[in-house]
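Listed below are the structures to be examined.
Paired with chain B in one complex and with chain C in the other, chain A is shared by the two complexes that follow.
Then we have the complex of A and B:
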């Protein structure tokens, strides 16, 4: 209770307090324990020298390493029952832990191993998914190859197919065409290639129908050399798909193809 | 029983090399069985809805 009469006790420089048997008398004299330090002795003899040595129980009584708080935890806290968390084989206080050591470790490592296996499986699945997303999709793969029945193409005719979004010319060449193309001297060509290097079988010419000049589609059986003629800028190709006249710099491209049997051609 | 677990511990789990090898070997079988099981489960849940279940109606 703060009252002016109470506070005035503390504000006064000197006080004379008379006990009135209601309030306890404030002690006006505080007796502090006097710190006694041993007076250093003059080390004159071995005896007085030995007196300066710290003998007996040397202890650190202050500093950061010294606990300043003592709590008697065992007096007010009940130790919880941990037995649900403990392995059955070592619950008993008389059981030897070394006897069940291997089986307990086996269990721990088995859990770790199961986690490893699952993680490896998941990692592999993720990596496979990302890598396979870089490969060609199914619709691209479906268009990647084209199979052609050769019996449907009569001799002397050039047929156009669509392959990978581009026109594909397949020409069934007659014997006189083959003879003409093979007789062309290679040195006279702009893009020197012998006819034998451009066909696998002399009677079948397989070329991509894109003009090497600016990418128009040439017309079959037209032009000065009886092969292909590009109407855009007047490039003349012969019956081997080689550039003979006009602005195009290169021969018509020959794709990869093979003959699985006598009557089929597979391009791609 | 203790003999068996000791044998397993000493031959597989004690060394990291054998432990890793066991994991790699186990993941091989785990992957195969997990994939087959999930595939089987998927087919069972989608019974009658997949192309392979109705294929015979449209192809001869």
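Then we have the complex of A and C:
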């Protein structure tokens, strides 16, 4: 109620400089942010200023997607601070990036190059590991070599072992057999090989017991030449395993073997 | 590909042979065309002109401008214009926008103190495809409350973007007419968000009637336009228009800035009185509306000569003719230091000056030029034809108006 005594209150305006909250003048309010609009063009000449003056009847035109659009710009998005990841030489806002450009690039290229080489090595290792797992396993490899104690084979005897799925003949030759075989003329043989080319030590003949004709197993100490005889088609081999008579074309195969010490033979 | 063949080889050859005998049509359409007016039995006015332009324009104009606002629904026309293109009975806002944009047409809504116009512009094929959307947007709006509320920031932006010149003219109208024609084109800030969907629907229901509507076309066939207008589903009726007489007054608004904008006005010529209206238009041009030569600095108008001086300022005579009232005056833009002197000089001319024959002839020529230049551009003239059709009942072409201007005499202008 505007009583005459109250009018003086309305003739002046008061604001509190330091408030003690006993006599509040206004309730607390929240001041919202002001809208932002594009600034209008300044008209600096009389001509342009006169062109902005309306001539009378003003008509305003707008439409869907025409003249004004309000686009929502999200100003509350906080862009994180990436300075932890940035390089020290360009962190300052007045640093020229062209000055540190070479050192930054070289560092990056060095790291990238070293990393690529390491990765290539690692990849190669992994791939070879996986591919080699498809090769022969340990038990198969273990069967690839055979170790024979020579003391157990008496002289004159031919012993057969199973090696790599094939029969292996080991013959402890007597001295007269050795002499006979070494005296055979090489030119008369179908598959010319001297005995010395087929044995490392003359008293030990190591051949694979598979007939070179069609693959049967020859019988030891049989045949006309004191060696082996294949019963399938009648191939005669001598005490050096060379073909002497019969349809077989080649001598018995001599595998790779070695004598690691005096009493042991390792074939394969 | 088949379509390309028919376009390129055979038909084009015959078409060019046929048209070779006719003079070529300018790219913007003919400049001399005749406007056909029809008034339907339900009092809907149809006006169209075929200017053989590649762009066709159709406008639905309704007498629902801001003069029809009451204190209860102040700001409803601003909201109505902003809400053009929102969901309608048979179409969503998305469908309207997409279909119209997809064919390259454009839909705008323009509002002034007396009319609200919905205009669809595009090539003939585009108009054929999107004409139903124009009908929807103009006559079948449903004003969903959430869509209306979403558009409030856009209204706020428009209010913030108003120039001081515009505000000066707005305040001049308010001082001159108070209510009715004095209502601002824009909503008041406190009314933003207060115009509800029901208010809009009631306003549309009471003002969008056939007696207050006109359908205007440019570059379309008149009989087809009449058929289209007959198919519009609007309520019949005249609605009511309160008269808005000139009263007069003064309003000052301090908004800062380094230029002062002073609008001085008095009663002008109404649209229904042709002689007065044309005389005031000629007077406006005779007094001067700024330099008419591009980048020129001299304004040969009477006002500019009276003020003289070398300060940066701009003076323009202001003339607005409404259906039953008018406003005539000047708008001065000047730095605040020299504004007072300029205002005094201008008022002296307005109160007592008499114009010579040379000034009046200059005014007549400039008015004729501007009317004819305006009528060459379809986008300008569709608004003028629309207003004439809605407010007066028939539209006149540019050349007819130019002929009428010739008949204005110096005595009419000086009176």
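Basically, the second predicted complex is superposed on the first by the 141 of 268 C-alpha atoms of A that agree within 3 Å, B and C clash if a C-alpha of one lies under 4 Å from a C-alpha of the other, contacts with A are read in each partner's own complex, and residues count from 1 in each chain.
Convention: a contact is a pair of C-beta atoms (placed from the backbone, for glycine too) under 8 Å apart; a residue touches a chain by one contact, two chains touch by 3 or more.
In this text, all values refer to a predicted model and were calculated from it rather than measured experimentally.
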{"item": "First, second, both or neither for A:183, with chain B first and chain C second", "value": "neither"}
{"item": "Which superposed partner A:94 touches (first chain B, second chain C, both, neither)", "value": "neither"}
{"item": "Partner chain in contact with A:65 - chain B first, chain C second, else both or neither", "value": "second"}
{"item": "Of chain C and chain B, partner touching more chain A residues", "value": "C"}
{"item": "First (chain B), second (chain C), both or neither touched by A:134", "value": "neither"}
{"item": "Contacts of A:51 with chain B and chain C, given as first, second, both or neither", "value": "second"}
{"item": "Touched partner set for A:151, first chain B, second chain C, both or neither", "value": "neither"}
{"item": "First, second, both or neither for A:121, with chain B first and chain C second", "value": "first"}
{"item": "Intersection of chain A interface sets (partners chain B, chain C)", "value": "none"}
{"item": "In the complex, chain C residues that touch chain A", "value": "81-82, 84-86, 93, 96-97, 100-101, 106-113, 153-154, 156-158, 160-161, 163, 165-166, 169-170, 185-186, 259, 284, 289-291, 295-297, 299, 312-322, 327, 331, 333, 383"}
{"item": "Interface residues, chain B side, partner chain A - complex", "value": "1-2, 5-6, 8-10, 12-13, 19, 22-24, 26-27, 30-31, 34"}
{"item": "Of all residues in chain A, those that touch chain B in their complex", "value": "99-100, 102-103, 105-106, 109-110, 113, 116-118, 120-121, 124"}
{"item": "Residues of chain A touching chain C in the complex", "value": "35, 37-38, 40, 43-47, 49-70"}
